[in-house]
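One structure, pasted below without further comment.
By letter and in written order, the chains are A, B and C; residue numbering begins at 1 in each of them.
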Amino acid sequence: MSFLEIKALTKRFSETTAVEDFSLTVERGEFVSLLGPSGCGKTTTLQMIAGFEQPTSGSIILHGRNLAKIPARKRGLGIVFQTYALFPHMTVEQNVAFGLEMRGIPEPDRRQKVAAALDLVKLSHLAKRLPKAMSGGQRQRVALARALVIEPELLLLDEPLSNLDAKLREEMQLELRRIQQEAGVTTLLVTHDQSEAMALSDRIAVMQSGRLMQLGTPFDTYETPKSTFISNFLGKTNCLNARLVSTTGTASTLVINGIEVSGPSVNLLPGDVMASLRPERIDIVESSDGHTEAKVLERIFLGDQWLFRLETKLGELLVVRRNRGRREAEPGENVFIVWQPEHLQILPASRESA
Amino acid sequence: MISNGRYSLLFNALFTLFMVGPLVVVIGVSFTPTGYLEFPPSGLSLRWFAAILDNPDFIDAAWVSLKLGIASATVSTIVAVPAALAIGREKFSGREALQALFLSPLTVPTVVLGIAFLRLLSVLELNGTFVGLVLCHAIIITPFVLRLVLSSVVGMDRSIEKAAISLGASNWTVFRRITMPLIMPGIVGGWVLAFITSFDELTVTVFIVNPSTTTLPVRLFSHITQTTDPLIASVSTVVILFTVALMLLINRFYGLDRLLMGETK
Amino acid sequence: MKSPQNMKPWLLSGPAFVLFLVLLLIPLVMTFMLSFNSFSFYGGIEDVYTFGNYIEVLGDSYFYEIFLRTFLIALITTVFCVLLGVPEAYILLRMRPLARSIMLLVVLGPLLISVVVRTLGWAILLGNNGVINELLQSLGLITSPVKMLYTSGGIVAALVHVMIPFMIIAVWAALQRRDPSAEQAAESLGASPVKVFTRIVLPQAMPGILSGSLIVFSLSASAFATPAILGGRRVKVVSTTVYDEFLNTLNWPLGAAIAVLLLASVLVIMLSWNRLIEKRYTGVFE
């Protein structure tokens, strides 16, 4: 039996179904992210686990305990809210001590645990501060310390980094991962930021309109997305309408825009499909031998990378190239592109794209 | 930021004169050594301040007003805080009607309130009693308390309470340790505003007092309409100074702008 | 369904509700009923219900005059509050924080000082031997005192003083949500300060002006202390008339009928004003 088992969880509000038939198991010590676009039901799922929303149906079992009848305050979960929800009238120390106080932990013990928690998040020097006199990143750490100090069985994080600026967010990602591993706490993170989910988690659960679409390690999910939606959501990709002509055990043949292209073997019936090709998997070369011809429409410099928009017989393609300090093709120039057939992802034709 | 031009500053100076002038005149007159209202006073004398002490009427009335203000502000706060919690955060049918009811004393003309209270209290044979005054004042000032408490209730991030619950706090603990302290500025601000409003109230009170429960504004009013001697000016000066002191205190701890116009910035 | 969850808001607001039911709703209904009672100077209030009081009020030009005067005073007061309060609110918003907080004390502080005291100041200013007349005479601008006390004009002056903080608060609330850089943008496009005010600031202040006008108008129409002190028996308004009926003539039913008419007209004016505002401004501002 897994540590956390969510079975067929469903939540209906009067008009909308926020979460539908959502099942997920999480192992002890694991870091799992719920990733999905705004409004897909991530927060609602987390709130049901936390006990702030009643599921319409389904069950949540934590460490063998069914949480259904246990009120939020008895679940003993550590929660970090998007707005941090620090108690503004209490010092950092008092904030962190609150949960221990509720558990009736005696003063000396309490002080020691608070000190250890603040140490973990590197805030010992600010123990006497009020939250309003702190930066976003520091508040974030206080919120983490406050959630961790009660030694929760499960840590729930709802978009904990979304209020931070880009640079701080990256720093805090590393910090969060370190703290989670040091504390060894099973963690469920909600985010709509794919890079955050990939950077932090052992596994990612991608949600769309209240349903779980795909579950797997960041690498697997990125490399073998189950749909164009996921492929698009996890980073940039070129999506091309294609027709699957034939597929064998080792390879397949597709027609894109009237041009025959080969791809990896797939478990799909011949017919309309989507072909997805990641921009970083396409290489730009100068020699023409057998490669596809392309014309540079636009070129954007991104510091460590170049982003190209190319016109090809297959359609418009985005291409990313690492900046190696060399001259790159300019708009208007003709180039040639090449890619490995196995990097072409062949996905079922999505319903929404006509 | 665009700053104010010369004409704006002139306008502001004239406006200040308009606002402060009548009060300065009252204060000035109260120092007159003569027996009539003259401004500027022909000398400086505390004669009319000393006269207050020989007029127990005014001192008694001031005590009534003080006690009335404290009692009615407290009654009003006690009923308004839970009402604000219900209106501010629960969804229930009748919520808007209830809020409109609690704010309605602001829209009903005060004379109408005055005679309505007079009618009720005379039927209940409570007319002129202190209890009657307290209850009627509580009605008039509840909108002020409700508005300020409501704005702090609505402005509060509810996930703060959820955080406390998730850390194991019971409902009562959440209220006592988290909710109460966080809406406290609204409660205190509301209480003070209610106190001042009750302390100054004339129109309603004039209908429902009797000689033993006459409040300071009523006393001043009947004095002004009967005679004009500098005694009313010296009493008024004391009232002005008392109010200004209270005002500076509020401004120091709460912010006058916040008290009177809600959250700014 | 009567689950405890549904009862909670009613339990919380129960005490306030009972207080308001007993001390506000019931007395208002009683007053309404009282206004239909007939009254005789010997028997007092009689248990007979008629429209007599309303017929008496509505049929008497004396009362017409009082109602007309009351609403005229309220209207002129409102106009002056707009003319003075709107620019002042704008000037306040543009002040540096320190100057502004001092000015706020000056502008809003009087709101907390007893109306009786403030009106006393005006009585001293406006009297025949008052400060203004003395000043004008010593400057040689007039030869004999101008009558200002016991006139509608005097009442308006004092009412503007009493009510203008409400206008400033309302306009302030509307303006502080604005983006000051819009004014800078207008200036950078060549608008003069007057143009900036009329084309950029005023439209944004409009919702505040309208709601402030409503407050000032309804408070002025039912003001008591100021007209009572500055107008006395000579310049009567509705509220002082009600007061006299109740505490001097002791004809409570007639007083109640006048009060009900005041309440009704204030409510009608407020509702139609609100309707007007909603029609014009929903959608444009939030």
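By our rule, a residue touches a chain if its C-beta (ideal position, glycine included) is under 8 Å from a C-beta of that chain, and two chains touch if they have at least 3 such contacts.
Remember, it's a predicted structure, so these values are computed and weren't measured experimentally.
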{"item": "Set of chains whose contacts include both subunit C and subunit B", "value": "none"}
{"item": "Chain ID, smallest distance between chain and overall C-alpha centroids", "value": "B"}
{"item": "Chain separated most widely from subunit C, comparing mean CA positions", "value": "A"}
{"item": "Approximate Å spacing (C-alpha centroids) for the pair subunit B, subunit C", "value": "17"}
{"item": "Between subunit B and subunit A, distance of the C-alpha-averaged centres to the nearest whole Å", "value": "55"}
{"item": "Length of the line joining the C-alpha centres of subunit A and subunit C, rounded to whole Å", "value": "58"}
{"item": "Complex contacts: residues of subunit B adjacent to subunit A", "value": "157, 159-160, 162-170, 173, 177-178, 181-182"}
{"item": "Contact footprint of subunit B on subunit C as seen in their complex", "value": "6, 8-10, 12-13, 15-17, 19-20, 23-28, 30-31, 34, 84, 87-88, 91, 94-96, 101, 103-118, 120-125, 127, 131, 158, 161, 164-165, 169, 172-173, 176, 180, 183-184, 187, 193, 196, 218, 221-222, 224-225, 228-229, 232, 238-239, 242-243, 246-247, 252, 255-256, 259-260, 262-263, 266-267, 270"}
{"item": "Residue numbers on subunit A that touch subunit B, as the complex places them", "value": "50-52, 72-79, 81-83, 85-89, 98-99, 102-103, 143, 146-147, 150"}
{"item": "Subunit B residues within the subunit C interface of the complex", "value": "1-5, 8-9, 11-12, 15-16, 18-26, 29, 37, 39, 78-80, 82-83, 85-87, 90, 92, 95, 98, 101-102, 104-105, 107-113, 115-120, 123, 135-136, 138-139, 142, 196, 199-200, 202-203, 206-207, 216-217, 220-221, 224-225, 228, 232-233, 236, 239-240, 243-244, 246-248, 251, 256-257, 260-262, 264-265"}
